[in-house]
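Chain IDs A, B and C follow the sequence of writing; residue 1 opens each chain.
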Amino acid sequence: MSDYEDAVAGLAALGERPGGARAALEAVLMVIDQPASSEELAAGLGLTVAVVEELLAELQQEYNGYTVKAPGTDADGSPADAGASRAPRGFELRNVAGGWRIYSRPEFSDVVGKFVLDGQTARLTQAALETMAVIAYRQPVSRARVSAIRGVNVDSVVRTLVQRGLVEEAGTDPESGALLYRSTSYFLERMGIASLEELPPISPHLPGLEGIEEFFDAERM
Amino acid sequence: MSDYEDAVAGLAALGERPGGARAALEAVLMVIDQPASSEELAAGLGLTVAVVEELLAELQQEYNGYTVKAPGTDADGSPADAGASRAPRGFELRNVAGGWRIYSRPEFSDVVGKFVLDGQTARLTQAALETMAVIAYRQPVSRARVSAIRGVNVDSVVRTLVQRGLVEEAGTDPESGALLYRSTSYFLERMGIASLEELPPISPHLPGLEGIEEFFDAERM
Amino acid sequence: MAEPLTLAENVPDAESTSARKGGFEVRLANFTGPFDLLLGLIAKHKLDVTELALATVTDEFIKYIRRLQELGEGWALDEASEFLVIAATLLDLKAARLLPAGEVEDEEDVALLEARDLLFARLLQYKAFKQLAAHLGETLENEARRFPRQVALEPHFAALLPELIWRHSPEQFAGIAAKALEPKDTTPPEVGVDHLHGAPVSVKEQAEILGFRLQHGRPLSFRVLVADAESTLVVVVRFLALLEMFRDRVVAFEQPAPLSELTVRWTGRPEGWSSGNLSEEYETAEVPETQPEEHPEEHHE
């Protein structure tokens, strides 16, 4: 909360406007067409990152149906609804692929889908999903190594994943000279996660295979 | 109000979801790019036009800072905040040229404008230039096809080109339903040519391009 | 590892397995590779991966490959070879279990046990990724129900954008178009471009393929044996593999006159041969010296 007070000087101009800094942040969120990090938002608004993150958390909760009383931003503030639970909005604010962005709420996907045809992407095949999984967990990785794990040639599948923007080239292996691949931020976006660390750990899926990891890394292709 | 009750049957499915019909309408408004008329919204939501217009008016007021208790949509509804005045949101719902869309609130246009400009350059990136070239020579063309030709995802680049007025939508592909794009007259203007026929033919640069057409059509996405 | 090598019981013969053909519903097209098929078979028999009942699963695996050949639905060579490698390994393992052997002392036995462990390890690894793939699929599907707000810039903001700098003449622009439209990767999917970075071809792997063909058939000419080789490198490596197998006394050559047709005949035991005990000299020569040891199954180009 002290961060908040520290930044009041910077807020002054925004604070005088209806809705204050919180509404200013909302106004910016309305025009971005790709995820914006809290740093970018803070720089654009002339606020500290801490303040922006506090406001983002408030908005997120509020859209989900919890009314949060933000000090200094809500002008009238009737005490009755502080923290009260209300119906959620039709949209949500999410931190995805390292940035914040507004999404329609999944409960209304059927309705929204009627209006937004083009955003729909075809489902990935089983082969594409498996290849995507190996690349996501073993990146940067060559096609040969993905092939070795899957037991089949993956060239055309990798090409499809690149075209879809889910995978991109990541230089070449210094030893073999083979092209390496990694997942993109668009992949994170599609997965709805902020970073690769949010992928579930692979270890529970590899029971008692501690040794195998090193074994396969040693013979990296 | 009777319209409201008349439409309850149509509402049933939406009414059971969090936030109800109002949130469903919000979900659509939040993500549509083109303004939608109340008729279009009603058809997509399976509600009557009268109900949709009532909901639109409520949302508009609410975004402007007046809390409106919508009958049947706000599940808990503490009476304290019925009709109470609150801080406006950073966005507003406007009826422009016969269609509804959510815009950022004009009070923050300086902040939003600064934010928008921060990420912009006066020059097109190489990726944008190449995408422009593919669209100019293959129009009308879907993003998926441009992606296939360029071997990378081009969604955000195409959006930039549209924003820059160099490219515009040109209907949908009758087969796949994908949005098609073409170059604009502003593009011709910038190129200093009167019509697309004046674009230099590229066949001399591309010996044996005939095959590629079939290749990409075959694996149309 | 210490699992005793016992005589496998109830090895179904070819007739009885084909009689049960009708019960085998899954089509190969449903599987994304040999590991997927193997996992499918193991699951079907409710077996633990690590306690693979080799006899049953091997037979079904081989039968599956045969069915696929009969269907002849454009089976890509590299895809087929992957299946064959697994099939050969499974056959080796199954064959080993048919032999009466109490103690593991033979080098051959050790190699087989290693091959088995490696197969299980790779299978488990694949299984892990398959599970993760299922998770990715679910998440992607759930996430696709959310639509991001990505609307066009409001006109008054678009007007703020700096005037675009455009210095390209129509000719320069045509050049960019030509370059962008140039086919980047003309290689058809089934060929692969791995040879561009000098992918290794394994003598052992090729010997495995040759062994598989010769063991179960009549004498074949060298021309026939390399008819499906996708590159000169593979032809050369198959020739080297034959020399190795000759040294191993499992094949014999017949060539009536210099430069005439070379016929290769299987002279080894009908079962139980493995490329695993071939000389190491070619293997070590083709991989960087920093890698001390490579197992045959791990060469996949």
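Heads up, the rule we're going with is that a contact is a pair of C-beta atoms (placed from the backbone, for glycine too) under 8 Å apart; a residue touches a chain by one contact, two chains touch by 3 or more.
Given the structure is predicted, the values throughout are model-derived calculations rather than measurements.
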Going by the contact rule set out at the top, which chains touch both chain B and chain C? A
Centroid-based (C-alpha) most distant chain relative to chain C: B
Quick one: most central chain, C-alpha centroids? A
Computed distance of Cα centres, chain C from chain B, in Å: 46
How many angstrom lie between the CA centroids of chain A and chain B, rounded to a whole number? 21
Distance between the centres, which are taken as Cα means, of chain C and chain A, whole angstrom: 36
Counting only residues that touch at least two other chains, what does the list for chain B look like? 30-32, 103-104, 112, 116, 151, 159
Sites on chain C at which at least two other chains make contact: 147-151, 153-154, 157, 185
Could you please specify the touching residues of chain A with respect to chain B in the complex? 14, 17-20, 22-34, 40-41, 43-46, 65, 73-76, 78, 80-81, 84-91, 102-105, 107-108, 111-112, 114-119, 122, 159, 162-166, 168, 184, 186
What does chain C use to touch chain A in their complex? 32-36, 76, 78-79, 82, 86, 121-122, 124-137, 139-151, 153-154, 157, 185, 187, 189-190, 192-194, 197-199, 288, 290-291, 294, 298, 300-301
Per the contact definition, I'd like the list of chain C residues that touch chain B in the complex. 147-154, 156-158, 160-166, 168, 170-171, 173-185
Contact set on chain B toward chain C in their complex: 30-33, 101, 103-104, 109, 112-113, 116-117, 120-124, 129-131, 133-134, 136-138, 149-151, 159, 162-166, 190-193, 198-202, 205-206, 209, 211-212, 215
